[in-house]
Amino acid sequence: MDPLLIALLLALALPLGCALLMPFCVRFLRSSLSWTLSLIPLTCFLLITWVAWKTADQPQVVVGLPWVPSLGVNLTFLIDGLSLFFGLIVTGIGTLIFFYARAYFQGDHETPLGRFYAYLLLFMVAMLGTVFAGNLISLFIFWELTGIASFLLIGFSHDKESSRSGARMALLITGLTGLIMLIGIIMLGLNAQTWDLAPILNSDFSQYSNSPWFNAALVLIFLGAMGKSAQFPFHFWLPNAMAAPTPVSAYLHSATMVKLGVFLCARIFPIFHDATLWFTLLCSIGFGTMLLAAWMALRSHDLKAILAFSTVSQLGFLIGFYGLGSSVGVRFDFVHIMSHACYKACLFMIVGIIDHSCGVRDIRQLGGLWKKAPWLGGACLIACASMAGIPGTIGFISKELMLIDLFAVLDKHGASVWLLLLLVLIASILKIAFSARIFLHLFRGSETETVRHHWHAPSAAIQVPPLILATLILTLGFFPGLLDHPLRSLHVLGLHDETGADLALWHGFTKELVLSLSLVALGALLYSRLQAKGWKLEIPLWARFDLFFEKGIHLFNSFTKKSTALLSSDQPLHYIPIILITLLTFMAFPLATACHQWGPEILAQTRLWQPDLLRSLTVLFILISACGLVTLKRWPQQLLCLSAIGFLVTLYFILYRAPDLALTQILIESALILMILLLLARFPGQAYAAEHRPPTAPIRKVLPMLVALSSGLMVTLFLLLASVKNPDQSIGSLYLEQTLPLAKGSNAVNTIIIDFRSLDTLGEISVLLIAVLAAIGLIMRYRRTPHERTQAAHGPAGFGLPSFKNKELP
Amino acid sequence: MLPGFLLHLTLSLLWMFLSQGALPQLIVGLVGSFLLLACFRSVLPIHHYVRRTYGLVRFLYVFIRELALANLTIAHFVLFKKTSQMHPNFITYSTKGLASFEIYLLSQCITLTPGTTTVDVRLEEEELLLHAFEAADPAAVCSSIDLTLKQAILGFTR
Amino acid sequence: MKNPNSFLLKSTTGPIFFIAILFSIYLLLRGHNLPGGGFIGGLAISVAILLHGLAHGFDHMEKQMKLDPIQLAALGLLLALLTGLAPIFFGRPFFEHYNTYLQLPYLGSVPIGTPLTYDLGVYLLVVGITTKVIFIMARSTSGRCGLLPPEVPHYSSLHETAIEPPINTPQPQEPPHAT
Amino acid sequence: MNEPIYFVAAPMLIAIISLFWREPSTTRRLFGVLSAAFITLGALYFVITLSLNEQRLILNVGDWKAPLGITLVLDPLAAIMLFLSGFSALASLLYSMFELPTRSEHPLRQPLLFFLLTGINLSFVTGDLFNLFVAFEIMLISSYALLTLEANDWDIKQSFPYLTINLLGSTLFLAACGLAYSIYGSLNFAHMASQTTALAGDSRLLVLATLLMCVFSIKAGIFPFYYWLPNSYPILPTPLAAFFAGMLTKVGIYVLFRLFTTVLPHDLTSLHTLLAWLAGATMIFGVLGAVSRNFIRGILSFHILSQIGYMALAIAFFTPLSLAACVFYIIHHIIVKATLFLVGGTVSSLNGTDDLSRTGGLWKVAPILGLCFLLQALSLAGIPPLSGFWGKYLIFVEGIRLHDYLLVAAALLAGILTLYSMLKIWLGAFWSPLPDSGELHLHETRWKPLTAVVAAMTIVSLAIGLGAEHVYRISAVASRMALDQSGYVAAVMAALGKGGF
Amino acid sequence: MLAQILSISLLLTGSFLILLAAIGLIRLPDVYCRAHALGKATTLGVCFLLLALFIELGIELTGLKIFIAICFQLLTIPVSSHLLCLLAYRSNVSPYKNTNSN
Amino acid sequence: MQLDTALLVGVLFGLSIYLILLRSFVQILFGFTLLSTSVNLFLLATSGSPDGKTVPIIGAGPNPVDPLPQALILTAIVISFGVTAYLVVLLYRIFLDHDTIDAQDLFHPPKKTDDNSP
Amino acid sequence: MTPVLITCQIILLVATLAGLWRLLKGPSIFDRILAFDLIAVCCIGHMVLLSIAWHTTMFLEVIIIFSLLAFFGTVALAFFLGEKKSPEEP
């Protein structure tokens, strides 16, 4: 087997295996040895690094295992710059997160850590699987797995209502958009006649663009990305997902899960970037979300919510960035992603530490922490600076590159994209303002009441991961050239612009630099204006999509109740009419067709028909009795009519030359009548009372008659059609030929039921036996001894116990 | 009783086998052997058997006659009499001294014979409740039953 | 139901019962060649039993029965099934019948092969279930309607009681409607 | 030669023996469980060998050659269904064994369950329309019996609509048999199929096919024929509810599958279209019903319908791939649905109710149970790589390929709503804190074995999802052989026997 | 020939008797009288028809069956009409007004 | 051509459907009994017109009718007997439990108006 | 022979019609049961006539069973329906 495959499989199997083991090693997790957990993602990181090193000279390597080859679904890994980059981010940040989580849960004896780490590892597996997936379907499979794992993580503190609803919201949004994406993927795969990514990525795309599914596939797949990356109008789930413990938020919402949408855009960029829709869709959604989320971040006060909205905003930017790429080519996308991953993970960790130490996340109740936690403050300062794009941080590099690309688009498309530029600039100003607010309100100013009362110093260990990230931000900010070589080796065919320039801190005194600096100034201005007004801001109601969502779910619930009631699902008396009417409706067309074909034949036969006196009069008599059955008012009278019908029908059987049938019919009829008598005669006077009912609505009277009439007509037509033409080869005559020589009996009916079709008879007598058993079950109550009653204190377990009585019954 | 019956049966079966026939021969055998037995009734211990069998035949004759008569009466009533001319009524008929089989036979026959139907058999009171079509004179109805059916029945049961 | 206690009826059902048994056996035996068969035969005898029950009371009948009718029915089904399974042990297809004849004087050759055992199974089953179902109906209704109190039932005897009419049982209440 | 009958005769024999046993005892229970296991293993053997050899086993009952007598056919599709029925029965019996003390079990439960199995299995192997009717009747009467056997005084009325609707359905089925006999002159599937070309252009076939479709739509629970189902299944005891939910409606689907592929002409396009739209409506209305309910049984019962919609849709697309998907979906759904009902039963045992506003706290107490529920619920919603995904995925593929976008959208919507309603149970029973006293209603010794049964079924279901390749191959062979009318006719007509034309 | 004439007359009489019972059922004033008519006329009517059948079909085993059938009629029809009268009487179904009960 | 039977079957089927759609248990029960009778007659008619034919017993006549529908009806009658028997018992049990024989009252019980109910 | 049979059939049909009339009219339940009895007897009559017409012995068993069941039916109906004090009675 390919060593690359082994390495990747190991990178997936190791965390997966550990995840399965986790619930069984709770004691280990609480021990001091649990630091070693970080070794799992670290090992994966190293494995991926090794893979990257091995494949440095190849732009694209595909390795894989067959899984469901019949359906073209395989466990294929596509190793290229994109997957390696994301793999490294996932495992790298993962290592820090595991380290951080260990410190975060230090001394916590209530949290079920086994489950926590299991979910987290499972999530990592899903992430790695998604980014390395080389098959559209396996990509989707891992994609959905990330949703499930994140659902478990978000709902981890499920005793809280907010956790549950946040998890539900996340799962529903990502699940729905994921399914939509599946449709797009299927359309793409059907276009390409393969589910493997590599051939699709490497083929000539102009051949697809005329297919009817091309644009649809783009939109649907992009919807998937929008859901995962919380783009407008799905942006609301992410802040609600902050109910998760902070290590989870730090992991999911900085570097991993929400980046999947971005990853997907990069993945499908080579396929779709030529489509005109690509630019429009990605840029409008991406940059629109960017501004909206930044604006909402500015108006939020929960630290995690601010960070969440800022994440959404940044994701919007990244998606829009890929949209821009369609016209100018994509460069340095990895810088943007990495920059965001670093400062966002760092900030989340810091917020988690503060939350842990103060028990509060509301920024208005915090302040003056610099003295208490200077190292943390430093890290926070660096991260916020990076977020705001202050020179010296990687954020600055990222922002400058962004402006360069924007101007390039401007050059290419002219004034029509001014709006985009405007959106980005405004969002940047807002971002600078809330970045400043985060740092200044947390660490500067005076100590608030809460801080004074609740603060307890965080351990040193927990501060290590954010500091590492802050260092990274600074290092790369000052020496961006360090990234040149890795970026070049992670170059992705079809995605990245060939003419990439080198990264540098100082490009000269360009218009981008000027703009960048003036943005900082404008942001500072905005901050000071808001500061002066005391940040009395709230997200207005119309922007609370999460509330709409919950309200929508509520409305939907009552809608389903109404619709189910409307469909008469709980009106047992309507079932049969509905079924009959449907049946009649469905039968109408076939019957009409058949009558059209056979009608003349039937009419011709009717003209030749010679009635048999006895038979016709028997028919008349049966019908008279039947009318009596319907019109007579009391059931004893009706029963008598029924018995008369039974006897007359027996005569009819005789007229049809069926002695066996007549015997059986009359015997059965009598036994049945006795049975009916035995039980119905016990109905008290009420049986009569029930007949005097209040008058019913005309529709209630007419509808049964109409249904009855048409059913009768239908059956008559059946019979006419059945007898219009004899089949070419009927087995009926066969029985007559062979009953005596082969079945050794001259009564053909009896040989059929005893010999030719003996199995039918066996079934029929079993039905009788079972019917009696059923009757016994109904009438004879099975009694338990007092001892057995005590043995099952709550009655029989399961559904046997609670009756509908206690239930919400329609 | 029993030896006579067995003898009768043996003889008729013997006849049937000897003549290699089936039902017709059996009937012929039954009649023939009965005549034979009747001839020898003083010699063999079968006197009662012969008498009672004769009684049975006579009872059958009476019964069929009464049945035919009953239907004629019914026809008369149904076809020709106006409702206002009918005088149906319930009457009682004493069954003192009769065994239960005799009561059964009698009441069954009463239903089939002219003008009367058994409504209830009151074993404790030793009487029958009858419904008579023409019950202007209940005593006459009772005595006609006494004379025809009861006599015929007692003729072969005792 | 109150037994009408008609002397005439009781006396008549005796001979009818007797004739019906003979007749049903006759129907069972000749079914393969003429109208009849196990099913019809079984039903005929059941109707006779039921008639007897009507005249004398079902509880009386049930007391007289030595065998639980449901066991008779299960036996019948077992017999029928085994008739079907038997050929399998001889490497023949399921339900292949084996015909053989018994030469009897005057009755000619009587078929006594597997069709007859099958018919017999059907016969037993029909007798069993018809009587059982009527018995349980009669028994379950006894509380209200004046038949004698039921005997200890046969089937799963310790654990089975007739469901009483609603006179003695608390009435189920309608649950509050969710509005 | 006799193989097909084993799966019918064995349950019947077991039922009769259990009936003679009279009282439930541990031995009787073990006997039932072991025999069910034996039947299941036997069926599995045939699934594997028949699909590997692409073979059909034919039994001419009574040695009567094809159109004359009743023909039983054991092909891979039938074998799969036999395996599933055996497996569900096994699960049901096992659960039943652990759920109730021996003496609390109703003496008729086991015999009736095996009678039910007899009817179900007969309808899988039969190759004769009227015999199918008989099989259905055995199945239905047993199901009525089980439905009312242990129902309490209040619930019993819910069986009334179930009974009346099925009675109506059986009557229509009988009429269809008569119609089929007068059109084809035969009731044998193979003989009927062999006349497809001879009867081409006879519009009576469409009448017959529509009638049959309506009849089996009633049995399968397709909109708007499904009314009998959602309010009647909840009155069953847990293990029986699981068996019913898993197995019974799938018999209707199986017969629809069998008729459309093996018996009826393949060119009934208008009917396929009708079925497709009905399937779409079933999915949507079924899942809406599920959302409207707030107790586990109610939710799960409505989900049966919505899932039936997927299977019916797969039949209606009528492409080789979609038919294979249908078989796959049936395999998946029977096991998953049964497990979910068992979990639901265990939850209500633990909480003393299955009303979601009064349940909770089980994720902490019974994590294995929760995991089983989660896996099966996600599988039901079609989350990959669980078993439910593959069928849905293939249905999507075929729907897009056939440009039936609305139906695909309906399937998608139903999928997400399924997820939503499953979340309702998950949040209500597992994640939300335990209200009231916080006490469990069952002792550990009683619910742990129940969880073991559920876990075993979940493992099987997981295996189906992860080993989709093998399951898909078997499904594909099964559906291909069912679709191969000429092969079927040739195999049946070649079987030796007395008489015939 | 004689048999032919005999059977024809039996058939006609038998049918007529049944018709008689039917007319009686319609014309007669109360349930007791109707039971009268029915019990007598139909017994004999059916017996006549059966006898005609006997003549037509011969007297083998068939004859025995016809004999049984006739016995059946004689046994049962009177009992049913009796039973109806009895139950009507016990249910206090009032007799025709011309009746002056003692 | 069996116009008479077609008419008979149609009318019986229609009437039984009408009965089934009514509210009283008794009428529903009778409706189902009649329904099975009508469908049996339908099956019988598929054996073709009986005019000039004889019973399907070898030796009884030259031109016997088709025996298969008769055998099928035989099975169908018995099955519907079993199911109807069950239905009777079920209705009785429902009556015992709910004290009503009206399907409407069963599922939508009338509001109790009398004050002296306990 | 045939004209005689047809005559008899017509007579029996008229009788059946009369029975049906009584069946539908009542007034007491016993009248209806009597009418039912009459209809059963008419059916037996028809069977006899058909046996003669078709010259077959196949229906003899049916005739016997039919008379048994006519009796059985009458008894059962009278038992259960008769006991009831139905409001239709005076």
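Letters A, B, C, D, E, F and G mark the chains as written, and numbering starts fresh at 1 in each.
The working rule: contacts are C-beta pairs under 8 Å (C-beta built on N, C-alpha and C of every residue); 3 or more make two chains touch, one makes a residue touch a chain.
Bear in mind that the values here come from a model prediction, so they are computed numbers and not experimental data.
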| item | value |
| --- | --- |
| Shared chain contacts [subunit C and subunit G, defined touch] | A, E, F |
| Relative to subunit A, chain with the most remote C-alpha centre | B |
| Result of counting contacting C-beta pairs for D-F and C-E, higher pair | D-F |
| Centroid comparison with subunit D (C-alpha atoms), farthest chain | B |
| Centre-to-centre distance between subunit C and subunit B (centres being mean Cα positions), rounded to whole Å | 36 |
| Whole-Å separation of chain centres (CA-atom averages), subunit A against subunit F | 48 |
| Subunit A and subunit D, separation of their C-alpha mean positions in angstrom | 25 |
| Where subunit B and subunit E are represented by their mean Cα positions, the distance between them in whole Å | 17 |
| Touching two or more other chains - residue numbers and ranges from subunit E | 21, 23, 35, 68, 72, 75-76, 78-79, 81-83, 86-87, 90 |
| Subunit B residues counted as touching two or more neighbouring chains | 107-108, 118, 120 |
| Overlap residues in subunit C, where contacts from two or more other chains coincide | 1, 4, 6, 8-9, 12, 16, 23, 33-36, 39-40, 44, 47, 50, 54, 70, 74, 77, 81, 84, 94-95, 97, 133, 137, 140-141, 155-156, 159, 163, 165, 169, 172 |
| Contact pairs between chains, per stated definition | A-C, A-D, A-F, A-G, B-C, B-E, C-D, C-E, C-F, C-G, D-F, E-G, F-G |
| Subunit A residues touching subunit G - in the complex, by the definition given at the top | 613-614, 617, 621, 624-625, 628, 632, 634, 636-637, 639-641, 643-644, 647-648, 650-651, 654-655, 659, 662-663, 666-667, 669-670, 673-674, 677-678, 681, 688 |
| Residues of subunit C touching subunit F in the complex | 33-35, 39, 133, 137, 140-141, 163-166, 169, 171-172, 174 |
| Residues of subunit E that touch subunit G when the two form their complex | 4, 7-8, 11-12, 14-16, 18-19, 21-23, 25-26, 31, 34-35, 38, 42, 45-46, 49-50, 52-53, 56-57, 62, 65-66, 68-69, 72-73, 76-77, 79-81, 83-84, 87-88, 90-94 |
| Touching residues (chain side subunit G, partner subunit A) in the complex | 6, 9-10, 13, 16-17, 20, 23-24, 26, 29, 32-33, 35-36, 39-40, 43, 46-47, 50, 58-59, 61-62, 65-66, 69-70, 72-73, 76-77, 79-81, 83-84, 86-88 |
| Footprint of subunit D on subunit C - complex, ascending | 70-71, 74, 77-78, 81, 84-85, 88, 92-97, 155-156, 159, 169, 172 |
